[in-house]
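Handing you this structure, nothing more for now.
We call the chains A, B, C, D, E and F, going by the order they appear; numbering starts again at 1 in every chain.
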């Protein structure tokens, strides 16, 4: 069983992403939306644990619409961009969805 | 394969972005031929059902966009009655019951209990929450 | 019947989140669903002893917590790392029948349920 | 020495505690014979002025408590009009202007612009914000 | 000139208190209200900088009403309890009030 | 005339806070008050280049920022440690006439103003 974790808070101000990362494993994926997209930046306070999880095979996505709105165009290596149709697909390919907010 | 979703909306249209995220997600969902078993507006999300919102012209009108989506796809849009009463969102029945001077629930929404969330979730393939 | 896990991550009073989560869990119990509640992160503050919600005009939350077993809520889980981080122990809690769980056990829990309600 | 305060309220009565903190602070302020130049309800704080809120019996009724305080001390309670329109809080004028089916602004509040915040603040000894 | 800093967010989840502590100095005081009261606990993530500031003469207060409501009864050494009338007095004895939320 | 400092600490779109702060500053300017704006913590994201608020149906905030000089807003300050922490520099900003300030300079700023508006 796999879980899609969505995170909508900035890790520069809030611990939701840090809490999420402690529970991710196996086939899980992480999708950064809204202010969560700041967490995918190269300067992210969660850079290290995110990189480690990606090396372990966890997929990390950033919602392109929300990142572009914020003027964010470069991300940590390995982070993939998705659009809303991609968000829907991720919701279907994972068995459940945990929202961290 | 089409899937059935229950979508929970916890954020108000103004003062939170999550209502907009939920709306965009629902559009994409329906365009991929998935089904929405129920929209459940809870917590500050109940404000999306207000008929009195008048946003500035250069900003999105989320309550209008929700109503349009609900009407276009004939969606079941339930507003949690307990959350709504605490936040001043009333239909005519509740207006009468609480002896208030107005009702402000949008036409395509209905007030009901949390059982509607549980019932929808239990027959859905996925439940997704858009937190505030 | 679906198995529902409600994850409640917010403090008891600052927002309505904790109360909303409890209401949802009680509703699921009343509907004869197999429902469990997991308190983690700030959510563990909901379970500590000697709260006086009346000072904030919020008496509802304690009553709702007390009602969990009556509504057939299967289990209340508490995330141990969240508890430890806040300097709390099992003795700090006002609920007796709770089960403390590690990160790994939370992962297993999520796998054992059909639907997540995220609060 | 008595001081003049401008108090800014940014939190809704439900879904935030800060409205209650502001209310308790105002009570203590007035009991110490300080003056409130103006209460300014802004952002989600405008919901404190809703006349349609019906809270559960075992919970505090903050809009009622605000109205009581405002009436008792004859306070000037201004609700930011732009913030209110975006959140569905209207008086009869705005109801007419935006062709809405109801008005829901409590009787002791008035809708006005941000200039009222600035004007009050500029003649106050202290400005205090209760954030959401 | 002195500033009263109020903080209403828990430092276990939000960085408001950390940000506040970086700006406190001189005659400033800090008042922890609402969920900010969790920040006055002995387990506070801000224990070290709070203790250092108190040693430097910054007064740190916890709003008793909000702490008691949450079941909090023991605090970092040096933290003082105030009630709402005390909150008002602090607002008068400092030249301005910055709310961290 | 009082000297007002508005401290805006939140990100541009997630809540209405950033926009509310700008509206308050513009109102103060229109009322001929001496008003300055300080962006710090998440607030510094408001000032970065190449934002496309239209993707979120929020075009207002950019226009308001551009209007600051027209309304006689005296100065926009940016908290340097907040900028640095986010991997940003002066070149990342869409505003030209900003002044970067250290923690000590922020303390001095607060002392030079009569009223604080906290957002």
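Simple rule for what comes next: a contact is a pair of C-beta atoms (placed from the backbone, for glycine too) under 8 Å apart; a residue touches a chain by one contact, two chains touch by 3 or more.
All values reported here derive from a predicted model rather than from experimental measurement.
Listing every chain that touches chain D and chain E alike gives C, F.
Superposition angle, chain A onto chain E, using Cα atoms only: 180 degrees, a multiple of 5 between 0 and 180. Comparing the CA-atom centres of all chains against that of chain A, the greatest distance is found for D. Of all residue numbers that take part in the contact between chain B and chain D, over half occur on both sides, making this a same-residue interface.
Centroid to centroid, with C-alpha atoms defining each point, chain E and chain F lie 25 Å apart. One simple way to say how far apart two chains are is to compare their mean CA positions; for chain A and chain F this gives 28 Å. For the pair chain C and chain D, the distance between C-alpha centroids works out to 34 Å. One simple way to say how far apart two chains are is to compare their mean CA positions; for chain C and chain F this gives 40 Å.
Taken residue by residue, chain A touches two or more other chains at 8, 12-13, 15, 34-35, 65-66, 96-97, 99-101, whereas all remaining positions touch fewer. Shown for chain F are the residues that touch two or more other chains, namely 13-16, 41, 56, 58, 115-116, 118.
Residues of chain D in contact with two or more other chains: 10, 14-15, 17, 43-44, 56, 59, 82-83, 86, 127, 129, 131-132.
Which chains touch which is summed up as A-B, A-C, A-E, A-F, B-C, B-D, B-F, C-D, C-E, D-E, D-F, E-F. Chain contact summary for the complex, chain B toward chain D: residues 12-15, 43-44, 47, 50-56, 59, 63, 82, 85-90, 94-95, 98, 100-104. Chain F contributes residues 1-2, 4, 15-17, 20, 23-24, 26-28, 30-31, 33, 115-119 to its touches with chain D in the complex. Residues 8, 10, 42-44, 82-83, 86, 113-115, 117-119, 121-122, 124, 127, 129, 131-132 of chain D touch chain F in their complex. Taken together, the chain A residues at the contact with chain F in this complex read 8-10, 12-13, 34-35, 38, 41-43, 65-66, 68-71, 73. Per the touch definition, chain B reaches chain F in the complex via residues 14-17, 20, 56, 58-60, 62.
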